[in-house]
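Chain IDs A, B and C follow the sequence of writing; residue 1 opens each chain.
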């Protein structure tokens, strides 16, 4: 059944995932304008320039238009006490599709419940960020050549990082995937994800030694420790615990890939020359894939 | 005589009003792009996401382009002491039409006095908001089937609410209109409006009992008490004085309509199911009409 | 050799300058859309509504699209510690050309070093603002009819004002130019510019009496003292030192021109009627020229 909204990764079945992936491949090099005359509203209650610009570029490349607010929390009627439902119902009549970024978990679900047009969750608080998960998975598929039969290390803030959570939900759909979780104390993956993975027969381990596991994985998915989650003192200690440098990058197999949802801070410390020449460094291609995945998703939801 | 700018409701005569209404009807279902290649600048010194997105969507649907600032007060040269006149003269050379939202009454008039291109007042301080008044009147026309011979209750903050003021100016052009003003103490309609109405032979009363008058009106125009106008304590008392609920909504005649310029806060307390199914609840259709009225106005001023 | 990026005025040789000027003349009255389907990203880490809207209008008039952030410092991943290089590499994959405005000198150079697409410096801290210099020079060329053989007075903040610095670099390319620098104490032109001018055989003087020199110049280039550079007390004294009024404007030759990069504050004190009718007042035409120069530059860099 075709999706109306994209709220969380769990909604996506394998068929839909590959429909979107193949659409992304097609649209990447195409000059067709299937969304001519359609309007995307990017409604961002929390600024996220990268995600917003990526969606807007995707819409424009498909021939569509964009209306936008990059700081709806302060600039919109939210400040006068308007409910999100009311805002969505009104913006629904101005646009053909909405990307919602919100600081509260569950906001996209609420928005979808009253919207007459498709809602895409562009990240909601501690909740999900399903287009990031889609582009992460698409990058694995393009770079490794498969999604089944992979070993992936997820490293960093696994507790609060919503990209990790969303990606786990997607990986749960595939076969013979093994996940190695590596995180500082107090940042380990939550039980709900572990239960989901068990239910879907995904093998996983919780480990603490990054370098030991680098030679064994197909993909390393690094994430940033979010400074705002811990005290300044703790942050100084934690941020250097797990790090990819010139040295341990070489522990990776030749065909393995280093992914990161970006922005990265201290957890990746590679010279620009290596980022530009070592094929294993995939995170800028990953960011670019965001454009194609979002083109594919906009086209899929609006067709 | 054709208008060059839209600064205040009083400028609009009946012929122009109906020219715009009929244009709105036509453009609503049309795919013509009469403004291809034209550029709208939305110059907002005070954020108002709804009004801005509505104008921008209108322009894009007509084939035009948009350049925009949603927070000119902080982001533009205003902060360096540039006069509004200078800003307008410069932006005039970048765009074909300007929507100006400003925090100071009279700003649009000043802008129009130096502009080489049409200026639309998108709300200026305690002043006017003429496109809101136009869409309110258009909604009455579409929903009730006429503008002459109606009884309308205006409820809430009648003193500071500029939408009420602008709408009164428009209603003054029609025949056999009766207005019932219902407001908390200290929020009653100002003398200048009363004088205007007298001069134009519009009957009006000032009343205090909302429920008593609900069965007699064709239209209830509810407005929000603006929290920033009163002390926190007063606000708590005042905000519940006049309220539409599931119960008193049913006092309305079957063909009557409930309007609100939105956002609404406590003064409308209806379950979503009733908002979605009770034909008398017209405020989301009213918001949507804003799009068609703004399309019509842009097209009218730029043709 | 064709430029890939525009980072500083010195990069522009006479041939490129006149290629862009002639392109500006052509595009001014043309309806061709040479940039159809191309995307401009305006990445502003420091708000500057005028510069941004001017670039965006230029891009739209050429048939292109725009993605934009007007406050990247607060809204983008910069706040999470992302390097400018990383941001540029990512935005490079979303757009075809970037205009960067940044609060730090040298930012555009850094951006260009990692960008796969053209970077235009839209002003970087105390550094340069080369498109302003180009439009200033274009205005001189259009208004005076030549750039060689002119006498130009530069007045105001010559120390911090980056437009003055960038314009000096351009004037250094021409013949028989004489510059008269007139500034309050502590705001005089820096030694690096003086050395550059000497090296390029440009005559210059440092003077203190504005009125004495007004009758002798072809162009007066006034600039604003930036309030933030001095104490409140000093500012009150300094801002009135050099001023163009109704009276001393008439000291100018009939064919001389008054330019200003705008916004102007107290240093120009002319009634609107004179601004609108006295042909010598050229600064609004100068601002309009910014549009044509930016159209020409976008077209030149993307062709």
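Heads up, the rule we're going with is that a residue touches a chain if its C-beta (ideal position, glycine included) is under 8 Å from a C-beta of that chain, and two chains touch if they have at least 3 such contacts.
Please read these numbers as outputs of a predicted model, since none were measured by experiment.
Student: I need the rotation angle between the copies chain A and chain B from a CA superposition, between 0 and 180°, in steps of 5.
Tutor: Result for this pair is 120 degrees.
Student: Looking at chain B with chain C, do both copies bring the same residues to the contact (over half shared) or different ones?
Tutor: different
Student: Please report how many Å separate the Cα centroid of chain B from that of chain C, as a whole number.
Tutor: The separation of the two C-alpha centroids amounts to 40 Å.
Student: Which residues does chain B have that touch at least 2 chains other than itself?
Tutor: Only 70-71 qualify.
Student: For chain A, which residues count as touching chain C in their complex?
Tutor: Where chain A meets chain C, its residues are 31, 47-50, 52-54, 56-57, 60-61, 66, 70-71, 224, 226-227, 262-265, 272, 284, 287-288, 291.
Student: Over in the complex, which chain B residues touch chain C? Could you list them?
Tutor: Residues in contact with chain C: 37, 39, 41, 65, 67, 69-72, 74-77, 80-82, 85-87, 89-91, 93-95, 114.
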